[in-house]
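Each of the next two complexes has subunit A plus one more chain, namely subunit B in the first and subunit C in the second.
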Partner chain A sequence: MRTLSDDETALVFTKLSKYIGSNIKSLLDRSDGLYCFRLHKGRVYYVKEDVMKVAALLPRENLVSMGVCFGKITKGKKFLLNITALEFLSPYCQHKVWVKEASEQNFMYGNHIYKSGLFRISDNTPKYAGVVVYTHNDIPMGFGVAAKSTSECRHANPMDIICFHQADIGEYIRNEDTLV
Partner chain B sequence: MKNKEPESVPPKKARNWAPESEEVSDEELEEQTSGKPKSTLFDDDDDDDVNGFDEMDEDDVDSYDDAEGDAYMEEAAGKIEIQIPTIEEVEKELAENPDLANVQARIKDIAFILSDFSNRREEGRSRSEYLSIFLKDLTTYYSYNEYLMEKLLHMFGVTELVEFLEANERPRPVTIRTNTLKTRRKLLASALIDQGVDVDVIAWSKVGLVVMQTPGSVALGATPQYLAGQYLLQGASSFLPVMALAPKSGEKVLDMCAAPGGKSTHIAAIMKNTGMIVSNDVHAARVKALVGNFHRMGITNSLITNMDGRVFAKKMPGAFDRILLDAPCSGTGVISKDESVKITKDAKDIQRCSHLQRELLLAAIDSVHKYNGENGYVVYSTCSILVEENEEVIDYALRKRKVKLVPTGLEIGKPGYIHYRGHKFDPNMHLCKRVYPHAYNMDGFFVAKLKKLDDGPRIMVQEDTTEETAEEMEETEQKEEEQEEEEKKAKKGKKSGNALTGKKVLTGKK
Partner chain C sequence: MAATEDQLARLSKVKDIITKASQELKSIEVNREIDLEFDVGNLLVTDKNTLDEEAVYDPDTRPAYLQSLARDGIQALMSKVWDLPSHTEDNAVFVTLPKTTTVLPREKPVPKEKALTKWEQFARDKGLTKKKKDKKVWDHILKRWVPRFGMKKVQADKEKNWVKEVPGNVDPYEDMFAKEKELKRERVAKNEYQRLRNIAKSRKLKVPNVGVTGNDLATSKDLGVAMHHSRFATASKGKFQPTLPNEQVPKGLGKKRKHEQITGDGRAEKKRYMEVLKKVEKNELNLSTAVHKQIREENIEADLAKKGGKKQLRRSKAGGRHRTRSDHRASKLGKGIHESRKQKISKIKAKQETGGLGLGKGRRTERTGGKGKKG
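Entry: the complex of A and B
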């Protein structure tokens, strides 16, 4: 476990800002204590400082996870968000996509969202912005990238992809072993 | 030991399974001296599902009370007597060509005879003979191994044993626990009902729902609500240890054997994501499920570790406010879930479990910091119902560490044993809770709550040895082993419960 280097911090924050924009501030300045980002076995964890200090006492090989895993930094120096980050993406996200009830399962099995399955999309979503995907009754289901802006969506064909799939909560079942 | 016996039946007859006469006298003595806790032990289980055996037995006992039915029953008993073959015949039959219907009938007959032995028995046949036939039939009919069946018979007595065995053949109802971090029980229930899942609330819990019926199209483990972490599939009895632990916001809690995380996430939810929960499990593969569940349920204050629970006593002595030790066990309470327990568990397995449990419990006590008003509790639970893995382990910890038993605060459950087959446990042992599948339609469970009074081992004054003489060889052996261990620990100093000493003791015994 170690703190993120400057490069890594930049990497993580740029990626996060695509989803939650300036709300990154609210992740760091919290009323309920100090929170920090830590790198452990190539994974980035967002964890309360007191918890992190206890974790520092434990042998590294025995520590499996702490706080919430946001994603991993690949060997090629890219930061990939994990589905586990949804916990903090969904309350702060700036652009949302809601899916029709019939297409929920489809998304939860790892497919993109088509125009036919689109229920709502938040206004002014630009093209290629990070979006959090919700069910029709507001349960966060995952996140992805808007393939079309809100205005483009209006004129899209039913089979046009509206949102590229990145992560969904179905992964908790599908990839439990490789989740973190 | 026996339930559903009206007062008119002398307690002596209620439970008399003993191959040696010495033991019988011992038990009698016990019943006389400690009649009260025993008679109240199983009084209140009228609410359970009654099966065929059960009804029969109750009827019999009722009619035994009034004179009119008595004559009829005498007659019935007279008929039955003829039907019970000798043990040799039974053995031969079971070995060659067991006819299950016949065996079942014989189980009923013997249960009936044993419920009023002196009047219903065939002249000249001993109780132990009946009991050994009974045992043979039960092991065949329900396919258990003899060791386990004998243990269970000791514990439950004839009538209740059959109830217990029948309960193990039926699955327990599916229950779910609402994740209060994400939703409320009412909202979740209505969301599930919308999908066609028929749910009902569990009265004694604020977060539990019991599933009555699921339509074929809905998989409870894959609904959007499940995947979003709004609920968890969890046996109702798994709520109990957490309720007993009663964690408070901001505390440091350790769950030593956490996977797959049902109880751990429950603790975190009660603490509302404040403080810290350290969830540990020794199996790397099971820890993965733990990680998944924690993230799914939105728990942010967790540390998940993969190591031997006994190490905490060394790495972090006195670091925690509360510890939940849901110890690995033989699983005799969850036979309906895992049938393999019936035949795979023998004396060695039980002893191995018991030994590990003792070490873990001592490690847990060493890891919790001492009582300072609110903190310093260890909750010990197992999904086993055997005394070897429960009361004996607690009793051991009480002797080795400065801890005391405190009330669990649970409404359901039967009290733990203070006396059991010549064992005399701590007088507060009744504060422990035992849950049985046949009494509550929940998995069998044991919960005990310990409060730490002070650090360090407890130096015991040598206890009187009179009790020991009455005990079975097995138990004395165990005590010797404990003493041996104690000596080793005394040499090694305070923090002992480690793997090394344990292994030495085991191998030494072999």
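Entry: the complex of A and C
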């Protein structure tokens, strides 16, 4: 376990800001204690400081996880966001996509969202912005990248992809072994 | 008769003493169910008999019982000690204790085997053995026995090599003897360096391997490091050092990354996060200008598509071509970078004041206008 270097922190924040914009401050300024980011086995964990201090006592091989795993930093210095971060992204996200009941399952199996499955999209979503995908009942289901901006969506064909799949809650079952 | 009574009394006294002594003698013998074990060298006696539970649990009888056990044990040990051969010095009796039989655990860990030097490793791998060398060697040129090393050997060498052939490709004015001497000195220094390096290696010390010996010893990595040092040791730290036509600039030494403490100051860490966040937001701002641009272009395209893609020409009084709204915007797309950038920056600044993206009709009123400006 180690702290993130400034470059790595910038990586993580850049990725997070794509989804939650300036609300990263609310992740850091929390009323119920100091939270911090730690790297362990290549994965970035968002953990309360008290918990982290206890976890620091464990040997490296024996520590599996602590706090919430936000994602992992690859060898090529890229930060990949994990579905386990959804709980923290959904309340603060700026752009949302709602999906029809019929294509909920499709998205949860890892496919992209087509115009035909789109129920609603938040206004002024720029192209290639990070979005959180909701079911029609306002339950967060995963996140993705908007393939088309809101205005483009209006003119899109039914078979056009309007949201690229990044992560979905079905991964909890599909990628059970590698999720951590 | 009084004498015999006295004698009788004395006799009985003697008898008492003898019986007492014999009884005491008995107590010297110690008999147990399980024999006591002795380690006379350590003066150790081990009693493995089971304890009399009644005697031990009862606090009244316990001390006496345990003491009797201990006494018996020590008595047996002492009898063993007295059995050993003894000698007397200065009115004192000495006994040499035998070797100990109990195995004690080590106080310190097992000493590690000494690491082999590079030559020893090589010799072992190749299966070389040490061959005893004679002190004197037969020299067939001088026809006598010459020592293998030392002053007399050097003199003999001088005798033999009084003349040196100069090969054709060598500078005729170069002092060949001095060159030989120099090479010899280098070889000696190299040997010394290797010896010290072996010592350092065995003591786990660090030794610089750059610039100490000649280039034959260096690996490509060492050469790279040497090149880095030669570039770096300049006033500009190698930044403005000229290179040869096809020379590759050496990569340099790797730097060991140092991370912050894991459980350091939480507030200081939060501060660092905030600073990084500021930087990230600045970069994001540049991104948002690109996003703005994209949106504008989309709107322009949408407008042009609506109008059918034709520019309507109408003659104006001013003499210039009357341009429609979309024409202006379309023309701005093709404008010079600086003009459109200036407008974009002013737009973003205005946007920051109002806060957030403001697409739609509100934007158009803020435009600085393109009517007066021509590309």
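General remarks:
Here, the second predicted complex is superposed on the first by the 180 of 180 C-alpha atoms of A that agree within 3 Å, B and C clash if a C-alpha of one lies under 4 Å from a C-alpha of the other, contacts with A are read in each partner's own complex, and residues count from 1 in each chain.
Keep this in mind: a contact is a pair of C-beta atoms (placed from the backbone, for glycine too) under 8 Å apart; a residue touches a chain by one contact, two chains touch by 3 or more.
Note that the structure is predicted; figures quoted are calculated from it, not measured.
On the shared subunit subunit A, the superposed partners subunit B and subunit C are arranged side by side without overlap.
When both complexes are overlaid on chain A, the residue A:Val99 reaches neither subunit B nor subunit C.
By the document's definition of touching, of the two partners only subunit B reaches A:Met108; subunit C does not. Using the contact criterion defined above for the overlaid structures, shared-chain residue A:Asp6 touches subunit C, although it does not reach subunit B.
Seen from the CA centre of subunit A, the centres of subunit B and subunit C span an angle of about 80°, rounded to a multiple of 10. By the touch criterion stated above, A:Val64 is placed in contact with subunit B alone, subunit C being left untouched. In the superposition on chain A, contact of A:Asn124 is made with subunit C only, not with subunit B. In the superposition on chain A, A:Glu87 makes contact with subunit B only, not with subunit C.
Of the two partner chains placed around the shared chain by superposition, subunit B is the only one that A:Pro140 touches, whereas subunit C remains out of contact. When both complexes are overlaid on chain A, the residue A:Ile173 reaches subunit B alone and has no touch with subunit C. Minimum C-alpha separation, subunit B to subunit C, in the superposed model: 11 Å.
Overlap of the subunit B and subunit C interfaces on subunit A: none, as no residue is touched by both. Residue ranges of subunit C in contact with subunit A, taken from their complex: 257, 259-264, 266-267, 269-270, 272-274, 276-277, 279-281, 283-284, 291, 294-295, 298-299, 302, 357, 359.
Only residues 32, 46-48, 50-51, 54-55, 57-59, 62-69, 83-84, 87, 104, 108, 135, 137, 139-141, 169-170, 172-173, 176-177, 179-180 of subunit A touch subunit B when the two sit together in their complex. Residues 191, 221-222, 224-225, 227-228, 230, 252, 274, 276, 278, 285, 287-292, 294-296, 298, 300-307, 315-316, 319 of subunit B are the ones touching subunit A in the complex. Per the touch definition, subunit A reaches subunit C in the complex via residues 1-3, 5-6, 9-10, 13-14, 17, 21-22, 24-25, 28-29, 34, 36-38, 49, 52-53, 56, 124, 126-127, 149, 151-152.
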